[in-house]
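Take this structure first; my questions come after.
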Amino acid sequence: MISIDLNCDMGESFGAWRMGSDAEIMNYVSSVNVACGFHAGDATVMRQTVEAAAKKNIAIGAHPSFPDLQGFGRREMKMSEQEIFDVVIYQISALNGICRASGAKMRHVKPHGALYNSAAINQPIAAAIVRAVKAFDETLSFYGLSSSYLISEAEKIKLKTVSEVFADRTYQTDGTLTPRVQSNALIENERDSIAQILQMIKTQTVTTVDGQIIPIKAETVCIHGDAPRAARLARAIRQSLIENNIKIGAV
Amino acid sequence: MISIDLNCDMGESFGAWRMGSDAEIMNYVSSVNVACGFHAGDATVMRQTVEAAAKKNIAIGAHPSFPDLQGFGRREMKMSEQEIFDVVIYQISALNGICRASGAKMRHVKPHGALYNSAAINQPIAAAIVRAVKAFDETLSFYGLSSSYLISEAEKIKLKTVSEVFADRTYQTDGTLTPRVQSNALIENERDSIAQILQMIKTQTVTTVDGQIIPIKAETVCIHGDAPRAARLARAIRQSLIENNIKIGAV
Amino acid sequence: MISIDLNCDMGESFGAWRMGSDAEIMNYVSSVNVACGFHAGDATVMRQTVEAAAKKNIAIGAHPSFPDLQGFGRREMKMSEQEIFDVVIYQISALNGICRASGAKMRHVKPHGALYNSAAINQPIAAAIVRAVKAFDETLSFYGLSSSYLISEAEKIKLKTVSEVFADRTYQTDGTLTPRVQSNALIENERDSIAQILQMIKTQTVTTVDGQIIPIKAETVCIHGDAPRAARLARAIRQSLIENNIKIGAV
Amino acid sequence: MISIDLNCDMGESFGAWRMGSDAEIMNYVSSVNVACGFHAGDATVMRQTVEAAAKKNIAIGAHPSFPDLQGFGRREMKMSEQEIFDVVIYQISALNGICRASGAKMRHVKPHGALYNSAAINQPIAAAIVRAVKAFDETLSFYGLSSSYLISEAEKIKLKTVSEVFADRTYQTDGTLTPRVQSNALIENERDSIAQILQMIKTQTVTTVDGQIIPIKAETVCIHGDAPRAARLARAIRQSLIENNIKIGAV
């Protein structure tokens, strides 16, 4: 039986501000990436998110970011490799301790937003991130964009990797995501999203925007939690996977 | 042979701003309390401080604070007990992970500034802090003002406590520190500071501002690292202790 | 014809996080108090809020706070009078310049949250705030809790004051608000809220929780914008005032 | 008589952290650029800096930055033009109001650090900054790197510009500064710094790293205030200018 992980970014509320439908989406996913206070989340939100995920036996991961609350970690910052190494350790340590104090376990790390995107195409940034993860705990799994520097740098130092694909993004012939500035970057249609996921999981290929079929490693599917219809899409994806005899579970 | 711990707050630089004479004072103390990013310190400063302390075999502790960089954690904030519990876990977890990634060990926790002062006289705040420490790691030592709620609440839940006394502060008859607003709060004279310390360590008593001799539990002496003559005082204290056959070492 | 101002706190979104129903509530109020980046709001949210209010000819005011984004300015902080003076000038200056750049005018200042509550009962804090407002622009109106230090300190230095009353809070015999910790602090019922407002506006009295009728100066009514039913209550209040021949407009 | 402006970045202390020798350097310069809280400075430091500069009749300017305290505004951030426009208005407004409350006048704006460097070579960023300055107050002077987009974009919209040159940086044949990563980027020698300044002021030319003499517009000279020998260099430059009959004064 084929199996796949469904992951979702969570714990993105901050102070008095709420974001996402964490409680509902936790019914559909097998892994959550928890914000660590640098782009979203605070100590209280982190604890609450960890407790909720632990109660549902969902795999918990850290979601470290550039330090940019106001920009939600979506703005690239020119930080040195040493600075990136340091802020990644700080953030994953904070979440790890909150898990420990709650009797839960942190099992993976997935970089957030601009840090994820920068590292995917920038080898030294990817290297700094994975070195930080390994220095902290070499048994952690590392989630990264399939076929990107995130995965290759993690493999290089023998971290366990989990290759991520997207339900609602289109792919280009070179295997990269179509940039959001292009009109065909997003798959708006729920049925098309699900079709793409099923193809990726079953055949480990994806059909690109210009119609070619290329290989892609799909070990986890990212569900975006902050979209308005996020919970609905998550439920629909889960249901399709079950109907297709695909097992959902953390890697 | 009598023994005593000398501790100093460190890692209080932040970004481009330097503070303290950490490298020099590390020659004289046996324990350091490392800022965790909420009142001072950042991920890079924390790592550098941990590495330096580890190299000198000095005991490393976390120094959690109210979240107030601009006020350096010296302004009391009315946070709920749950919020305090959460920010303490976040901060000690961050430092603990940085220690772990550097191959060092975090051995104690000492609250900083207004958090320390509030908790010393406010039982629920002290209780929230020590519960956080215990939830994270029940083997940690907990530093607190001698005879205050910090110590009694930690004892109540069986945390190992270390009672702290001050070299440069005077005491009142009820055992509390003379408030800084009073003119006789500080011991400005180096010889008087040393005399007070020696009395506290050797006899476990202190002479109060109105001349009474009262009992005091002295297990660690706090050296203030941000005073201009901090390094000089630290060296002088260390030398006096050695001359008096008192062993210096973390508890 | 009697007239009254209706004010509401606005611009409390921050970065990627939304809060409140600003656009809708602007249809019902005559004044808005705009967050200045210390408890909520950022430069972009501030400009958008100012532009929206200017378009509807609503009076714009600054809503300065303690510096505490994560706590939304609701936690008391022990800042010195000079620090409070300085952060108030900083915040009202920032909003004033954003108004100026948008071709709008800033007309009033109302402290936010814990700063408002502290100053209401603490004369030196109130004095620091009103001195800051006057130092910046002595023609600004100053909104404060009716009968509190906020009003008396502003009057002392000849600032134009606007006495604020609450639609959804009960009053005690000494004229103060019933603390939120008490079960009868809030008026949950829409009809009762409106009855209280009408009494306050028409008779300048309020009926206290123990049934006494006491005098109260009511020049502006605060509508809470972050409550779930805020827009509905604002509309109902506006409609009642119109039906009662009370003119709604900034003072 | 030839005249030149000497400017220095100031007010870069933050909370408990001190930076620079503002009081001394104010004896030598004619203009100061005051940090506005985003990379350095806080409301209290800003007021103190403004008061000190006003007392010495030094021209006061705002020094807006990317929002990055920990990185001191030296890390490039990918912000949208609208975001840059908004944060520039926020910061210059804050300083302007602090000047107003102190009875001083804000006369110019000079972007800081990575914002300055990005805008110098990126037309849309430069355009966003100068539009913000003009929207706030079209009578302000705008300081920018000589011959860069900062100057040309400001001229395009009829802002008064002040072309800045550096005492301690070398120039390349295309008129740009030699990047700091190159070994010959800095002029370490005091005599060479002064010689370069005198040439630039007297002849409006500079000798590049490969020995060519190229034209350069020099209206203000930047003195770096955070270098260890900053005050000494400032004094030496001032003295040389006086000896060479060059008048020092804000433009």
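Per-chain residue numbering starts at 1, and chain names A, B, C and D are given in the order in which the chains are listed.
In the analysis below, contacts are C-beta pairs under 8 Å (C-beta built on N, C-alpha and C of every residue); 3 or more make two chains touch, one makes a residue touch a chain.
In this text the structure is predicted, and so the values were computed from the model without any measurement.
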Pair joined by the larger number of C-beta contacts - A-C, A-B: A-B
Could you tell me which of A-D, C-D or B-D has an interface matching B-C, in the sense that over half of the contact pairs are shared by residue number? A-D
How far is the middle of subunit A from the middle of subunit B, if each middle is the mean of its Cα atoms, in Å? 40
Can you list the subunit C residues in contact with two or more other chains? 42, 70-71, 83
Subunit A to subunit C touching residues, read off their complex: 13-19, 40, 42, 69-72, 74, 226
If we count contacts the way the header does, which residues on subunit B are in touch with subunit A in the complex? 37, 42-44, 46-47, 82-83, 86-87, 89-98, 100-102, 132, 135-137
The answer for subunit B against subunit C in the complex is residues 67-68, 70-71, 75-79, 83, 114
